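This structure is in structure tokens; I'll ask about it shortly.
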Amino acid sequence: MSSPPFCGIASFGRQEIRLTPIEGQSADVAVLGCPFDGSVSYRSGTRFGPRGVREQSLMLWGYHNALQVAPFDVLKVVDAGDVDVIPVDIAKTHSLIEAAASAWVEAGTTVLGLGGEHSVALPLLKAAAKKHGPLAVVHFDAHGDTWTEEYPGYPLSHGTPFIRAIEAGAIDTECYFQLGIRGPTYAASDYLDARALGAKIISADDVGERGVKSIVEEIRRQVGTKPLYISFDVDALDPAFAPGTGTPEIGGLTSREAVGLLRGLAGLNVVGADVVEVSPPYDPAAITSVLGANLAFEMLALMALSPSRKPPAGRA
Amino acid sequence: MSSPPFCGIASFGRQEIRLTPIEGQSADVAVLGCPFDGSVSYRSGTRFGPRGVREQSLMLWGYHNALQVAPFDVLKVVDAGDVDVIPVDIAKTHSLIEAAASAWVEAGTTVLGLGGEHSVALPLLKAAAKKHGPLAVVHFDAHGDTWTEEYPGYPLSHGTPFIRAIEAGAIDTECYFQLGIRGPTYAASDYLDARALGAKIISADDVGERGVKSIVEEIRRQVGTKPLYISFDVDALDPAFAPGTGTPEIGGLTSREAVGLLRGLAGLNVVGADVVEVSPPYDPAAITSVLGANLAFEMLALMALSPSRKPPAGRA
Amino acid sequence: MSSPPFCGIASFGRQEIRLTPIEGQSADVAVLGCPFDGSVSYRSGTRFGPRGVREQSLMLWGYHNALQVAPFDVLKVVDAGDVDVIPVDIAKTHSLIEAAASAWVEAGTTVLGLGGEHSVALPLLKAAAKKHGPLAVVHFDAHGDTWTEEYPGYPLSHGTPFIRAIEAGAIDTECYFQLGIRGPTYAASDYLDARALGAKIISADDVGERGVKSIVEEIRRQVGTKPLYISFDVDALDPAFAPGTGTPEIGGLTSREAVGLLRGLAGLNVVGADVVEVSPPYDPAAITSVLGANLAFEMLALMALSPSRKPPAGRA
Amino acid sequence: MSSPPFCGIASFGRQEIRLTPIEGQSADVAVLGCPFDGSVSYRSGTRFGPRGVREQSLMLWGYHNALQVAPFDVLKVVDAGDVDVIPVDIAKTHSLIEAAASAWVEAGTTVLGLGGEHSVALPLLKAAAKKHGPLAVVHFDAHGDTWTEEYPGYPLSHGTPFIRAIEAGAIDTECYFQLGIRGPTYAASDYLDARALGAKIISADDVGERGVKSIVEEIRRQVGTKPLYISFDVDALDPAFAPGTGTPEIGGLTSREAVGLLRGLAGLNVVGADVVEVSPPYDPAAITSVLGANLAFEMLALMALSPSRKPPAGRA
Amino acid sequence: MSSPPFCGIASFGRQEIRLTPIEGQSADVAVLGCPFDGSVSYRSGTRFGPRGVREQSLMLWGYHNALQVAPFDVLKVVDAGDVDVIPVDIAKTHSLIEAAASAWVEAGTTVLGLGGEHSVALPLLKAAAKKHGPLAVVHFDAHGDTWTEEYPGYPLSHGTPFIRAIEAGAIDTECYFQLGIRGPTYAASDYLDARALGAKIISADDVGERGVKSIVEEIRRQVGTKPLYISFDVDALDPAFAPGTGTPEIGGLTSREAVGLLRGLAGLNVVGADVVEVSPPYDPAAITSVLGANLAFEMLALMALSPSRKPPAGRA
Amino acid sequence: MSSPPFCGIASFGRQEIRLTPIEGQSADVAVLGCPFDGSVSYRSGTRFGPRGVREQSLMLWGYHNALQVAPFDVLKVVDAGDVDVIPVDIAKTHSLIEAAASAWVEAGTTVLGLGGEHSVALPLLKAAAKKHGPLAVVHFDAHGDTWTEEYPGYPLSHGTPFIRAIEAGAIDTECYFQLGIRGPTYAASDYLDARALGAKIISADDVGERGVKSIVEEIRRQVGTKPLYISFDVDALDPAFAPGTGTPEIGGLTSREAVGLLRGLAGLNVVGADVVEVSPPYDPAAITSVLGANLAFEMLALMALSPSRKPPAGRA
């Protein structure tokens, strides 16, 4: 990364562009853009999320001081480009994402998805679960995204990925955390329903009151050595920290809390992750893209520190 | 319209909000929002177009000096609100728009649609044609929107409404003008195919070279007394005049040319119209919404001057 | 609220538009826009505040999880539109606001005002006090707004509403809290004068140091069962959380603190409220309007939980 | 002007800051900011116009190639700062502006006003007419600003300065041109009333159809050697060229037309001028402030070429 | 180009990324980013120009209808990425650009440079002239950029590339056109000096008065079969069309004029070109980047139609 | 400061503009703009920082309530304008800044620098150290800025001022604090190298964990009566609070923490200070300029309370 960040074509973290797995050339992590925003209920624009995050990722100088790891050295990370989504067909788009992700997963590569809207977490979860079985999930969000349906009659949308993933057996409901939840809901049943599905709801207020450390301990205890998927909707953060998103809710996490919660997961067995709902059209100073790039970097650090990742000789 | 434009809840031109036709209370024109942007191939955001246009419409003081008509006096105009679109289902959304528009048309009310993306012109054209038969169409656009398919396998999208409308028999292909066309296309066949369908292509350069008057005369000669539908994609104008749109193309019409072309249609039999592709997220000074509101006002003036509109006694 | 928030004409929370009280049709709360910004000393633009807040209010799904109440179910809320202000005459504008608010108050309806600049709190306070007598006031703000005069010789301006309200007997000075105060002032006398008037100043630093809970307890103790008016200038929050305002001051409240303070007032007897100083021209990602809409929702929840509000049978 | 334009405190064109006339130190032109926007009927923000124009004026390198004159060499230009306006009192503000302008006029200095809203033209016109008698006026605008009243009962507002100036005898109604007029008006009477007052209305369409040269000749013929005041509301230009203004109207002048019209006035006896309605909050790329600065520079060039200006020895 | 333009990592026109010439794999055109803005005298930000242009280039569908050519089919175009500039050393940066460009030129590839500021034209001109000898130059700009020095004592800056190129023998001064010139200059000598150097100045006003056709004929006559370099500073256009640039000047070209002038050069022997001074931070709706991408596309079309380009068999 | 903040030419805090020291007219503090951004590695634009900060400084009403001091009364503060920087020559620019600062320092005036990029701290530190000897330094930043070189072969850049200042003997390395440090670095060595140079690194997380009070005590203990320089890069704050900067890093300080840390230094012997890296092009709501103005005001308050400042009789 010797070029200044304003120079050059922006692949994630200036890593090699490799659009599909290449036989005989292993990769540890594939950063996969999923620029679909066709089902959002309010402000659109997350189709430009992967591009925005890639651009800001050029400021990720490489070494993670808090976790003392250099993810791009420890891991062979490739930028797998974007899935060619079809704006008018969410089901087909999900198939395309699942196929692309599965190809990487089957090749032994962990997928780090960049949204796009949160619905893309569904095919990403399914691709990871196909290999690893039901996944422990730490899900950052203002909204549970576990509605039965957002548009009556349509099972797929950005408000439903987690209920669909549960139904598909992709989530280990004994170990499903929702972090940062807050704001108005349709009814009291929203939370009750999510809890009935197994979700442990930790609200943004809980984070403030209990503190990062206590929550991290609870999660670690629960997750143990299970395969873990981390799904991060940037609206888990307060709009002050993440204005560029579709359905901002006040009273959210600070970036320090968010980063603290993520770092607390170091050493767990991260087998998949995503950063979603970054919407550049609503991000005039690009701080939400900066946030998204850094959250992705945090996840790479977690992957680098995952017990299942044995850094190949000659790296790190 | 005695309130300052920054005051009050914004219905179009401060006209009565009437969400559906009311038996026994005739209306001449219904302004109908169609906030769907689910199929756009590039920048989204036109779902906020109707709201943006409504807000700026509060500056439409009422009297049209060039055409010497006060549309809101001559016509009973109602704001019919927005169709409740379903972002994930373009076909169903089109049905909902067609149903809403047809209800007005059947009640004897002309529909002025506000997009949303250009695909919404398809159900609007169909609703108007159901009553008036195949329509003469004056279609302002940078792009022909007459592709066979934009996403392979999907007949409906914002690049295909006019081919679909022709197939549906809604357009009188003897009398179909495309104005403002320009920019790169996939291939030479784009224009050839459009012409084969019957479209008379008048490029933005043609407007500059031939002048507004000559073009207007050609159109008037051709249209005569036929029922006329005017579809206006704001990207017919240069991005300088309409930055807030999804697929801006340089070299476009000026606002004076656009307005001149529209006013040249005065006295023709306008039975339907739309203003589409206004995208507020890309319109920081709101000038594209201002443009959209004024284009809608020009169309109301044309409707007021249509031979089929006999202003009811006691108005004008 | 089944339409997506980008659809339809925006009344507050999609509630009925009712511009004046209707005999025989009771309403519990009237949301009343007061789009006046004629006296601000720095950045203008709050005239677009009510429209901005209304638009974002469409994301208020309805159920308040922290307070466990559904304000739109418990209360009959109407959107009373905007007072037609006169930019060149603050005194006349105040009369118009007071008249509009009084009509609602007299009809037994609590008024929730949306600014506009903070001066509009004066007629709103007076209207509420006319019915309820001198009011306990919880006033969120960076600035005390208790200057004798902001422009020499002019008693009315956005820096003076609370001194004028005190002079008018509308505030119970035994029970007047200013929360979030900070930043440079003209002189040391600013705070001294405010205190001499009876204001209990709780600075933003105090909130950080003492914590929300302690402050809430102090307020509750003091207010007891008195009729309470809550006036919320969004610049009480840090500019990070509320960039779209006229006189931002660093070091402000976070949104979590603000919401915590408001929720701490649940069960008090709220007889009037306002949310003011939202300025959309300085709010490119609309997060200040989102904040304003949510603060209004918090206040509706407090009104729903007020002892004086007996939810009519058949609701809740 | 050897500093780069981004360096230094911005006085107009880096000219001397002289807040009031100084006995014994003559000045040819005083640039006087009038940052009042208290009566605007729509978007506010022109209070920041003088500051925006000053900042962009630092790019005015000095020599006017088309008119072959270096205004800052030929004329002693001073930046007279801003009048301290009172947002809540338009009448008092007008008095303050008139007093400030009169002081300069009496000292033999021509005033070039920077708005602020268009109402500030009234005191500027009056100050100039006090010395020169009724003035020939070339008034660029989308709107006539000759309404009897904009807010019923209030004679002063940004929609009425020219009728008030006519009533005050400040305008020679034999020689009053309105250029760039267009857009909807309240009624047909708007133009008729303006014409009855003596205004020669030349619409934006007229400019396009007749051409700059023909119009300039008509004006020159009419004005002859009369003292001329030029009032320039930037909304005379199309919103594409002047997005940063309060009441944009489509179909306006291009910047080339505007500049051509102004240059056509070279050699006339310009005794006063203003550039108004630049609104920086709606001008994200600052092009409207750039326009305002250049229009002011054009006017300085006209002043430098005025027959009454005998450049003092040692300059030019 | 079957992906939607919002999908995927943005290389110019989705062409192959090839950072340096590859022996044995010929390329006709290399698009080379030169993201240097270190010498600009006013607004910076053109360092993001290449990235902005690349992103918008994904809307260039491929076929040029006016010139009837498909540049990406006729030519093998590669995206050569960006030169790694050194912000603090313009001379070294120029060497790096010249080296990168020369490598391509020597490999038989025409370079199409993307700025960055206009100073980058100097090394690009030198690289082309090294092969082709002194070049005919058509230079679009508001400013001549032929100052002796912009910062006293520093020969290199964005105001001096053309005088330096003339001194270096890279320009055939018998055939050097400046198009779009206008605005204030330091002195009358600016134009005189440029003319003395051989520049034929055709102002923006000249374009309006003489018309595109007459100017094109003059240029074609003069250029004949000489090797031609086209340098396009987007501030040749009016700020309405190109707000996102560093030193906007009013009264500029329209996009239709600009495109007309470029197309008029079809068939000439284009051996090098650049598009410079696109500044994304001042381009909120990205219309200047859209413009830049289209100007680059026009230049590719001219290259495709150059007599020296014999399209290889199997293409076109 | 009786004018509203939108009125008048903006000198810092409306203080006297005095571009160089005047013999016989003492000044306590000179606010000196250093609008250089020529070496930044990412987003540029801080050249407009001094102007942005000056504009927002007009809201600094004068009295500092927390520290109970009125800096503009206690101190004679002058606005020394901007150094005329040379964008292409960082070394020469640094000389010019050092010369300008030294002239003030020699005249007994403390310099408060406004950046510009952080490299301008180097000449400012050197100017202060020339008089006071090696300085204790409290350096707020996300990045240590103690790299050996940012661009290989170039000692000067915005990533190296503090290593250069240490080498120049301007910093007392026994007493050098870095506050707010965080984010990715090139390698683990970044922090180790900084520590080896003597820097005490207190990360943003440390601030959160230890609390403001504990850190302030540590610094005060260490600094004692030494001459203290405070250098404040606004990216020490989280991008939520300071979006308008060049290299934003998530997880930063809040404004309340930043202000708390500064106020904790009251009574120390502040002999120089700067506020740098405010970048208005990335600051759409101007909140970063507001922050910068307030940080500068905090520093003035510290200067007013410095033991070495004996307020002259007749002030305070």
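The chains carry the letters A, B, C, D, E and F, assigned in the order they are written, with residues numbered from 1 in each.
Basically, contacts are C-beta pairs under 8 Å (C-beta built on N, C-alpha and C of every residue); 3 or more make two chains touch, one makes a residue touch a chain.
A quick note: this is a predicted structure, and the numbers were derived from the prediction, not measured.
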Path length in steps (a step moves to a chain that is touched) from chain D to chain F: 1
Contact-pair overlap exceeding half with E-F, pair selected from A-C, A-B or D-F: A-B
A-B compared against A-F, more contacting pairs: A-F
Type of chain B:chain D copy interface by residue overlap (half), same or different: different
Euclidean distance of C-alpha centroids - chain B vs chain C, Å: 41
Distance between chain centroids, defined by C-alpha means - chain C, chain F (Å): 38
Junction residues of chain D - those touching two or more other chains: 4, 6, 41, 43, 47-48, 87, 238, 240-241, 254, 282, 284
All pairs of touching chains, each written as two labels joined by a dash: A-B, A-C, A-E, A-F, B-C, B-D, B-E, C-D, C-F, D-E, D-F, E-F
Residues of chain D that touch chain C when the two form their complex: 37-41, 43-45, 47-48, 86-90, 151, 154, 156-157, 281-282
Contacting residues of chain A [partner chain C, same complex]: 41-43, 182-188, 190-191, 204-205, 208, 238-241, 243-244, 247-252, 254, 282-284
Residue ranges of chain D in contact with chain E within the complex: 1, 4-6, 59-66, 68, 70, 238, 240-241, 254-256, 259-260, 284-287, 290-291, 294, 297
Partner chain C, residues of chain B touching it in the complex: 2-4, 6-11, 17, 33, 35, 47-48, 51, 54-55, 79, 81-85, 87, 284
